[in-house]
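Right after this note come the structures.
Next, two complexes with chain A in common: one pairs it with chain B, the other with chain C.
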Partner chain A sequence: MITGILTSALLLWTPLAIAAMGGLLHRVGGVVNIGLEGQMLVGALIGALVSGATGNWALGVLAAGAAGGVVGLLMSLCVTRLGANEIIAGLGFTIVLSGLIGYLLRSVFDVSGTLRVTGLDPLPRVLGLDPLFLLAVVLVPVIAWSLRNTAAGLRLRATGDGFDAATALGIPANGIRDIAGTIAGMLAGIAGSHLVLGQVGLFNEDMVAGRGFIALAAFYFGRARPLPTALACLLFAVFDATQARLQTSGVPAQLIQTLPYLVVIAVLTATAVRDARGKSRRAG
Partner chain B sequence: MSVFQGSNPGKYSRALTRVVRAAVPFVIALGLGGIVLLATGHNPLAFYQLLVREAFGGVDRIAATLSAATPLLFTGLATAIAFRAGVFNVGVEGGFVFGGLIAATVALQAGLLAGMVAGALAGVLVSALPGWLKARWNVDEVVTTLMVNFVVAGVTGWLVTTFLQAKGVANSATALIPQGSWLPDLLPPYGLTAGVLVALALVVLYAVWIKHSVLGYELRQTGLNPRFSAAQGIRVGRVIMVSMLISGAIAGLGGAVHALGVVHRFVDGFSPGYGFTGIAVALLGRNSAVGVALGAVLFGALASAGTTAQLFSDIPLDIVDVLSGTVMIFAVVRLWRQR
Partner chain C sequence: MSVRLGARGVSRAFGAVRANQGVDVEVRAGTVHAVVGENGAGKTTLMRILYGLDQPDSGTVVIGDRPVRLRGAADGIANGIGLVPQELAMIGSLTLLENLVLGAEPRRGVRIDWARARAEAEELASDVGVELPWTAVADTVSISVRQQTEILRALRRGADVLILDEPTAALAPAQVDDLLRLLRELRDAGRTVVFISHKVDEVLAVADEITVMRGGKVITTRRADAVDRAELIELIVGEHVRTTGFVPSAVIGDEVLTVDGDVALSVRAGEIVGVAGIAGSGQDELVERVVGLRPAGGRITLSGKDITALAVDRRRAAGLGYISGERRAEGLSMDASLADNAIAGTHRAIGRRGWLAPSKVRRYAKRVLDSYSVRYGRLTAAARTLSGGNQQRVVIGRELDRAPALLVAAGPTRGVDVLGMAYIHDQLRALRDNGSGVLLVSEQLDELLELSDRIVVLHGGRVAGELPGGPESRTAVGALMLGRKAS
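Let's turn to the complex of A and B:
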């Protein structure tokens, strides 16, 4: 039972972690990305369609990343160039994308919600692990290292820590945010393709089911640091795997599903209380 | 502030500016929706004509539009009050859903009025924690209110499949409320309930209260500049708390009206995102009473017309989400450079 939960938790961890790493980069650049949910949904659909059309999982994953990246860039442009509120833009994009995908499913593909793609090429598995799991495992240390040691990472952190100061120093802060938003969209798109190609094998318009928001919860929980964020994803994936297993034994699944969100409220509160205490101590 | 104000800061040009600003997101949305319709082989102009006819062509259609606008009046107003105080409350959806469940449950035992009161109190309960955390510890309310929505969805989903589930009902729903406890219909053949009157009364009350009461003044000042307000002697924390509690009460009352007037019970999937559309309503209406009323009617028209248009053409209702989401994104953007 325990190994069963761990195996399925690792499978559930992969998309969460990839999407959360994208959201983390955007967060480090100073933007809270609420649009991950919609970007994952786009990635899932495009990944399914391209994998089915070409019979090649890798092309499916790449196309999913590209589609997510385009959406991420558009969303970022609304925020950086048009002054849209990042929360509203994120929610709005998610509503538009789920509406658009529902519309296309019903009017172009003539299905109601679930799309079976013929010739879909699922992710290959080596010892039960798929390539996107490896991507997630590699991404965590690479992002952690890049944020500390590369010029791009330092510029991204400068943009997030002091937008005006960074601009004054000649860093193209808006452009950097756009790049971070694009990468966040790409990673969310790839994460979405994992839901189809690595887990379910077909597309459903409700299949993301709040995972974009759980990814958001994870990088808040991890305070936008890669390793803690990845561990938060693992915790949430274990919750998810456990509730799926315990569903028949009378444990209220819906209540377990609320745990990630409660954890985020608790973490934000603890952080704010600590900040307030620290400030008053310095003042006294 | 706008392009027109520099030359002539008169009353009419400001009103014109407001109208133009509110129209721009709609024009963009209709354009984008038109592209989607064209690309899928439909005639956008014919579809938009059908929408207008289905939304306003005849007493029955107007009743349907107002009926669809009612929940949005509540959620839009609830959002606007919090926004006015500078509190970014995106948790109205949670208050609406929880209010609906509690109202439907209480009305089963204690009747209409008790159900409405209980619904409002349930909404207060949902907004109290994020409000207090913001007022006391300055915890980011955007994230906490967003998270509370998911917590409420889980808790109500659990309650409605366990303790509160009606006996002998296969899907997750509470028992049907007896007809004596329903909100009365206004125009009997059409499903427009007295709930719309409650909503409109609240909108009028809000218009007067925000302009002519001390608390309304403090709310506006806090929204404009919390530090200056604190220096003026306004207790900012208290104002934030009050705005969140009122916002929650209105959200919960909206859920109660929806449960007691339209659904007559609580079912899983009770709200198709009324709270989130309420954000778009508040933004488009710039948090003013008139703006919220107009915004709610517009989005209500989209929803009611979209539902019947789906029957007459083979255009799925989902196109309405594309339109309203686009309005939401562009409701707050700057389309011209500011000096």
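Let's turn to the complex of A and C:
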């Protein structure tokens, strides 16, 4: 049972970690990306459609990334060029996209909520692990290293911590934010495609189920550092896998399904308490 | 090429505020050129235009005798101009080395060549004779060190004109001397320095030429050796300023405030106790502990009563007043009306059973604002519609009108011009002479020396020593601020 939980935890960890890495980059650049949820949903749908149409999982994943990237760029432009509030823009995009997708399912595909794509090519697996799992594993150290050791990483950190100061140095801070927002959208889109191609095998309009927001909580908990963020995702994934197993134990499923979310609230509370303690210690 | 950098007929307005009006300036190559004036005289606007961060509505920037259009900071940098702004453009979470190379990183393939960056940094630093902790995070080092890093950054980017905006505002006296020496060295090495300040003595000590600005216009440009101190002050202010100078307290009573802990001190009735120290030496913590904004160990008493466990409102009821240096964040509610701001904290006394009678509120607010010479239109106007100096008068009036047993004044004249400052100083002295105690925290040593009966110097979060007030203590206080023994 334990190995079963672990395997499925890694499966559930993959999309969370990929989306969280995208959100993390955006956060380091100074924008809180509330739109991950909607971008994941777009990625899931496009990934399913393109994989089905081409019969190629890789093209599905790429298309999902591209679609998420476009949404991410549009959202970022709203924030950086039109001065929209990042919270409102992120929430707005998520709500509009989920409404739009629900409408498309009913009007174009003539289904109510769940879309089975014929000829869908799922992710291949080696020893129970798929290519996107490897992508997530590689992304964590690569992002950590790049933030420290590349000019792009340094400028992204500078933009996030001192927007005006960076601008005064001739760094195109808004452009950097747009790039970060686009990458965040791409990664969220790819994460969304994993839900379809790596897990369920069909598309449902509710399938993201708050994972974009969990990813948000993860990079908050990890203070926008890649490894702690990835571990926070793992914590959630383990509890998500556990609740899936516990559903057969006789306790009402709805209650058990809240377990991972309860863990998120508990962890965020613990983080806040730790921060408050640290603050008063320094003061004392 | 005699004029390295200049402005011809530059005007710039922000809404109704005409920050620059037909400004003409010529900065000669290889000189230190000071631009002096009060807050709001238009110095910073002019500098941002000269650097390319802002564009004039009319008129033009001149570089090397040629009119040019600067479209952004990158254009300024390309023309060899470096700006060290007042709010230092350092990224707090980055190391000094990261800050130095930011925007022009030496690379090897995709990665930054940190070894080369370090070597460049060391070479630059030794060229101008400073030593910097390159791997320290910017937030953890002193303002003086951050400033030196900024100067080196500008030099590294090929600047041969350095614009420094109020560089001495937050420095200790010895650090000011070091900076002025550095500026002279840069000039002697053939570079051009534009030095913005409102401190007359520093300007006279370092500048070759002085341009005086007032109300967005250039009043005059003089050679530094052709103008004396008194004349310069009068040019800056536009009228004769009466300053009271140091007047020690006549009658000192019992202790109204005692603080235990790392920073232990007391304030007696009829006494102004100044707290000196370079920024970040523990002043903020002290103020927040006394006012009750930060929980802390160590006992605090007010008029003999233990207030350690009391919340802010209870402390105020017990006789505490607070003038915050953070006017926008703590001093006023910028969107609330002047009347609401004037009664804030006193509203319980004015109201009855949770109801505030509008006529009573108006009468109270009008009396407070009028007796502290606030220039305002209507009581219902938002606080943000007033000028900075007037806003501060609202705060002063609100806090002093209650005649607190102890007033905590943290940077009470920050962002206030010379005339406003003289007024606030007189008010603080009057409060003291009426038997209140005043805990005065300020970044400005002159203010502390002139007002305080005693000066407590903080260094590294502890009390480094205590000295009497008055101008004679300047050197000793300055030494203690840097953690040296007073000699």
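Basically, the second predicted complex is superposed on the first by the 249 of 284 C-alpha atoms of A that agree within 3 Å, B and C clash if a C-alpha of one lies under 4 Å from a C-alpha of the other, contacts with A are read in each partner's own complex, and residues count from 1 in each chain.
One rule holds for everything that comes next: contacts are C-beta pairs under 8 Å (C-beta built on N, C-alpha and C of every residue); 3 or more make two chains touch, one makes a residue touch a chain.
Worth saying up front: this structure is predicted, and the values here are computed from it rather than measured.
S.K.: Once chain A of both complexes is superposed, is A:F93 in touch with chain B (first), chain C (second), both, or neither?
M.R.: first
S.K.: Once the shared chain is lined up, is A:I265 touching chain B (first), chain C (second), both, or neither of them?
M.R.: A:I265 contacts chain B only, not chain C.
S.K.: Quick one: chain B or chain C, who's touching more of chain A?
M.R.: B
S.K.: Check the residue A:A168 against both partner chains and state whether it touches chain B (first), chain C (second), both, or neither.
M.R.: Touch status of A:A168: second partner only.
S.K.: If we overlay the two complexes on their shared chain A, which of chain B and chain C does A:N149 touch? Say first, second, both or neither.
M.R.: So A:N149 only meets chain C here.
S.K.: Would you sort A:Y103 into first (chain B), second (chain C), both or neither based on which partner it touches?
M.R.: First partner only, chain B.
S.K.: Give me the intersection of chain A's contacts with chain B and its contacts with chain C, in residue numbers.
M.R.: Looking at chain A, the two contact sets are disjoint.
S.K.: Which bits of chain B are touching chain A when the two form their complex?
M.R.: Checking each residue of chain B against chain A gives 36, 40, 42, 88, 90, 129-130, 133, 137-140, 142-144, 146-148, 150-151, 153-155, 157-158, 161-162, 273, 276, 279-280, 283, 314-316, 318-322, 324-326, 328-335.
S.K.: Which stretch or stretches of chain A touch chain B in the complex?
M.R.: Going by the criterion above, the answer is residues 32, 34, 78, 82-85, 87-89, 91-104, 106-108, 210, 213, 216-217, 220, 252, 254-255, 257-258, 261-262, 264-265, 268-269, 272-273, 276.
S.K.: Report the residues of chain A in contact with chain C in the complex, numbered from low to high.
M.R.: 149-151, 154-155, 157-158, 161-162, 164-171, 280, 283-284
S.K.: What part of chain C is in contact with chain A in the complex they form?
M.R.: 53, 72-74, 77, 83, 85, 88-94, 98, 101-103, 105, 107, 110-112, 114, 153, 285, 288, 294-297
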